[in-house]
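Structure below; questions to follow.
A, B, C, D and E label the chains in the order they appear, each numbered from 1.
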Amino acid sequence: MDITTFIGATVGFLLIALGIMLRGAGGIDFTQFLAFYNFPSMLITFGGAICATLINYPLSQVLGVFKIAKKVLTEPGESTVGIIEQFVSLCQKARKEGFLALEEDVKKMDNDFMRRGLQMVIDGQDADFIRNLMETELTFIQERHKVGQEIFIALGTYSPAFGMIGTIIGLILMLRNLQDQAQIAAGMAVALLTTFYGAMAAYLIFLPIAGKLKRRSEEEILIKEVIIRGVLLLQSGVAPSVMEANLQAYLSPALRKAALAKEKAAREQMAAEKPPEEGTASQQTSEGK
Amino acid sequence: MDITTFIGATVGFLLIALGIMLRGAGGIDFTQFLAFYNFPSMLITFGGAICATLINYPLSQVLGVFKIAKKVLTEPGESTVGIIEQFVSLCQKARKEGFLALEEDVKKMDNDFMRRGLQMVIDGQDADFIRNLMETELTFIQERHKVGQEIFIALGTYSPAFGMIGTIIGLILMLRNLQDQAQIAAGMAVALLTTFYGAMAAYLIFLPIAGKLKRRSEEEILIKEVIIRGVLLLQSGVAPSVMEANLQAYLSPALRKAALAKEKAAREQMAAEKPPEEGTASQQTSEGK
Amino acid sequence: MDITTFIGATVGFLLIALGIMLRGAGGIDFTQFLAFYNFPSMLITFGGAICATLINYPLSQVLGVFKIAKKVLTEPGESTVGIIEQFVSLCQKARKEGFLALEEDVKKMDNDFMRRGLQMVIDGQDADFIRNLMETELTFIQERHKVGQEIFIALGTYSPAFGMIGTIIGLILMLRNLQDQAQIAAGMAVALLTTFYGAMAAYLIFLPIAGKLKRRSEEEILIKEVIIRGVLLLQSGVAPSVMEANLQAYLSPALRKAALAKEKAAREQMAAEKPPEEGTASQQTSEGK
Amino acid sequence: MDITTFIGATVGFLLIALGIMLRGAGGIDFTQFLAFYNFPSMLITFGGAICATLINYPLSQVLGVFKIAKKVLTEPGESTVGIIEQFVSLCQKARKEGFLALEEDVKKMDNDFMRRGLQMVIDGQDADFIRNLMETELTFIQERHKVGQEIFIALGTYSPAFGMIGTIIGLILMLRNLQDQAQIAAGMAVALLTTFYGAMAAYLIFLPIAGKLKRRSEEEILIKEVIIRGVLLLQSGVAPSVMEANLQAYLSPALRKAALAKEKAAREQMAAEKPPEEGTASQQTSEGK
Amino acid sequence: MDITTFIGATVGFLLIALGIMLRGAGGIDFTQFLAFYNFPSMLITFGGAICATLINYPLSQVLGVFKIAKKVLTEPGESTVGIIEQFVSLCQKARKEGFLALEEDVKKMDNDFMRRGLQMVIDGQDADFIRNLMETELTFIQERHKVGQEIFIALGTYSPAFGMIGTIIGLILMLRNLQDQAQIAAGMAVALLTTFYGAMAAYLIFLPIAGKLKRRSEEEILIKEVIIRGVLLLQSGVAPSVMEANLQAYLSPALRKAALAKEKAAREQMAAEKPPEEGTASQQTSEGK
């Protein structure tokens, strides 16, 4: 689990626990927590929410989503800047030595999606075939990620619903069995617990994780879009500078400035080593900026 | 009914029942359930919800949806992998013996949609005609599935609404007839029952089933998209390896890896039997992976 | 009003009335209903909802919508199968005798949209002109239907809102004037009545009728799409069998099977009478199925 | 302000006031209204809602929206039928005397959008340039109208929200200062007033006006679409009958029938005066209907 | 922070504070505020909402959003009219002296996006390359702005949610510890505070700021769209008058009228200085208006 998710959830629980303890009589009061544990309430809230989710989604997808969630939450997220650098250097090599010379580099790559795309270029597939295959695959990756988010959203929707159902159950039971005032209050307190469980689970766990999965998925899709564009530009045989200018449009301004500074230094070195390219390469970035 | 749906609903009911019993005085208390049965409350909640749904949708569609639901919930879901294998072997046969040779195989197929698509190829229809007919049909299948989901969503929306209406009815009657304290409590308990019925029906039955129908529909549509692509590729006369690479983009990575392993073994056998194809077939998958 | 809408609303009211009566003291108790009539509450709920709708929509559209609603709810819904049969027979006649021979048949048609489309074919308009006019008209029919649904949805949104406003008014008045306990209870009961009126009107009348209008509109649009396709195919001079295959893709599987059986019988007869067409007509349906 | 909006709001307020008065002790009771005025409650509800809207939208847009609202609510709405008639007569004149002859008529037109479009035709701009300019302008008109609707929707969302906040404030103050029973009831009544203000403002004023703005905007956009089509058809030099048939597809059936009857009479007159046009003009509407 | 946002928030707080004070016993009562401060309630509401947002979004984006928010809220917003004037004068200069003559002007520009676009024109890049790069960048700017809005919407969603959770916690604790009446009321008052905090933060701060960010983003995107269009028109070498007519379609009518008046004066001057352009330039705006 990535550190922000973990810290966010832990600190959230601690702050709310602190808020509960400070409400006690004298200073911090640990006995307050006794009011917040009730096993039958947990059965109703979480049992109901999980079973509704199991009806809603095939079992394989419910189990699979925890794998996706874990993978997406831990994955450090590849650097777009790194991918762009790889493409620029592949582009330079391909221009000098041809696509077949890339085979060794490609085999060593970690990114499975990029490796397969580049292998198709080396194999001499045409652009339409490559674009078609890679975009179909991207669509399906998005689809699978969306199912993962949907399952967490379902958990975050069913939890408060069964919390509310549990509270109604508690009220019905309390109203039926009421004898003295104290029992009413205790009954009410227990009845409200399911609403508390459901809301905490939804707003501190399920819905924020669904949101994080969405963000992570968008980042992964963006990197894969850069890869598809890079593979197609590589195959079309553009100059490394054009490759770079095209892919850098995907960067945020801050990242682009850093990349430009680095690249400028590198380019000056290169300019000393090899003669300038013909026409297309006179990029805006190389003009006394 | 498929097993997860059934188990999910049953376990959900049992867990909530257990939660109710554990709330009783001593250990597990079966008399608690007496508080949860009230016939007039059921009339109001389910009678209202079903009648509102009957106004909302034509009777034929309301009746038809249970058929669709049953079919979609039981259908084992055809394997995409199996469909792809069928297309690859049809493709090999068609290359050697022509489309007319496929007629025997096609007639034995279970999948009605695939059989009719292939029959059009054998009949020599042109690609636009085939694509047009199959895509129009797909659109209408989607439309019918959507109506099915909408009806369950309507039931899941009207149930809590009439549950709420029932509770208001109960409160009005209680407030009008109140004499002693005990009667107020009993009246409140009965009034809350309709909200309980409505929420349980919506969140444990109708909305999760609507969700499951959506999932199943997406799976069926995916398979039909693979079939349309396969039929059109077959008609265009591509090599079996191109057919396979194209259709495998629709698989999840796990399924693709399994399929690749299997295919590699098969291909090595084939390579021993027949000479390699010309150019297009040098797929990335056949390179020492 | 079509029978399901009427029955649904009536049975819904009866079931809820039965639920109310069964809540009474001994068996069925008609005096319970006295609690549910209050004229000022009706003024607030329905007066408010109708006035808000009149601000929201121009008067002419609010009045017009009841006409649309009535027309759409009563119209028996033309049969798509019948439309397809008409097109196939027109197609056969046009092939033998030319478009001008259709003039007599066209003048006798009930469907105004189809008649005007076919008249344009007879008048020799070109395909783009016909498609353009018919599709613009279809867009505007959809637009008008959408306004009808929106007005019922507005009524179904404003009713519970003014029901809630009425309840708050009732509570404020009750709290200001409270003297003895009994009066509080009676005041509460009256205050809740507006919420009851608003919810019943919304969930048993307005929202289900909005839903039914949507369904009916979709059916009408589908038939008009079949007509546009049929008119354009007719004008392009396709064979009757191609016309039939194209239009049948719009049918549900059940309807298609019935139509196929019928058509097969007819085709066998026809085959005995006239020589087979050239190439395009060797449909999949005519092959030993 | 147009009359329906004004009448709707006035009648709505009167009906609800009547409902309040009829709830009093004997017949109609004007002293009931004293319960519904409280200055601090108004400060909280409307002050909060207006300030939140001022944070949400730039000041210039909030001020501008009342101008748009006023203009859109008063504008009588141009008649689509009139616009079509103008185009047909311009078309006839242009055919006989050329585009330059239109200059005098165009200068006298009220509709600024139509005048500028026609002026571009007279100036000899090409079709792409005209379409581009007019469609860009249409997009921006839509955009500005949408901002107007959004501001009213914001007011209609923030009003009940601050009404609810006011009620919570009232409850907190009441609970802190409670001494005797009567004070509790009075405190509750005052606390509920903000909810009442917020809900009335939202459901009787802001949201219905937002809805009316949307309707009016759609009507204005439709007329502008007819104008764009008319200008482009005029420039392409079509026959007046083709112009008419094309633009009438934008009319509702009722309006179209009226227009057809009128036009038929006019056409018969014209037919007596000038020889029939060549081919394209033999419209369906001119055939013995 | 821009002045409207600041004033709106301040006045909103003051009005609500005034409403609270006026509710006191005699005139304005400052001691009322004591009821609205409670540290544990703040911990639960804001601690919970911020932690949930930190789980939902990567830390870098949560921190970055305050920078975006600050930048977007303070930026005076460039004038579209000014941008259009710059493009017209660049266009005139380019026509007379060629693109290279623009280099000095371009280097002095403040707008980074415009400067880079124009530099590409000077560098002789082709139109597709320029459009592609600028539109990709625009898409990503929109994406980053959207993340900023989403984070404020998340804060505005989680705040009332944790306010509600805090109130349930307060109720559970109160019900468990109740001894005398006064304590119940105090407990209730404290329990409601979290709902008050959550609602105030959401409706007076987070959601309106999210709305303002959306507006500002739309303005910035509009200006960037004008710039892209201007850069592409400049590169295609159109006449200054065509440039002006095209870009003015993006102005609101009020701004356009002001611009037209100004431009007309300028044009009359220009007409005296240089001979009229050939054909395309005889704009509608230059005809005796």
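As a working rule, a residue touches a chain if its C-beta (ideal position, glycine included) is under 8 Å from a C-beta of that chain, and two chains touch if they have at least 3 such contacts.
Just so you know, these numbers come straight off a predicted model, no measurement behind them.
*Asks:* When you check each chain against chain C and chain E, which touch both of them?
*Replies:* Chains in contact with chain C as well as chain E: D.
*Asks:* How many hops, at fewest, get you from chain A to chain C via touching chains?
*Replies:* Tracing touching chains, the least step count from chain A to chain C comes to 2.
*Asks:* Suppose a student superposes the Cα atoms of chain B on chain C; what rotation angle should they report, nearest 5 degrees?
*Replies:* So the angle, rounded to a multiple of 5, is 70 degrees.
*Asks:* Starting from the mean Cα coordinates of chain B and chain E, work out the distance between those two points in Å.
*Replies:* The separation of the two C-alpha centroids amounts to 43 Å.
*Asks:* Could you give the separation in Å between the centres of chain A and chain E, each centre being the mean of its C-alpha atoms?
*Replies:* 26
*Asks:* What are the residue numbers in chain C that touch two or more other chains?
*Replies:* Touching at least two other chains: none.
*Asks:* Work through the pairs of chains, note which ones touch, and then classify the graph as line, ring, star, complete or other.
*Replies:* Topology of touching chains reads as a ring, each chain with two neighbours.
*Asks:* Going by the contact rule set out above, which residues of chain C touch chain D in the complex?
*Replies:* Touch residues, chain C against chain D: 39-41, 43-44, 47-48, 51-59, 61, 112, 116, 119-120, 123-124, 129, 132-133, 136-137, 140, 144, 154, 158, 161-162, 164-166, 168-173, 175-176, 178, 190.
*Asks:* Please name which positions on chain B make contact with chain A in the complex.
*Replies:* 4-5, 7-9, 11-12, 15-16, 18-20, 22-23, 32, 35-36, 185-186, 188-189, 192-193, 195-196, 199-200, 202-205, 207-209, 211-212, 215, 242, 245-246, 249-253, 282-284, 287
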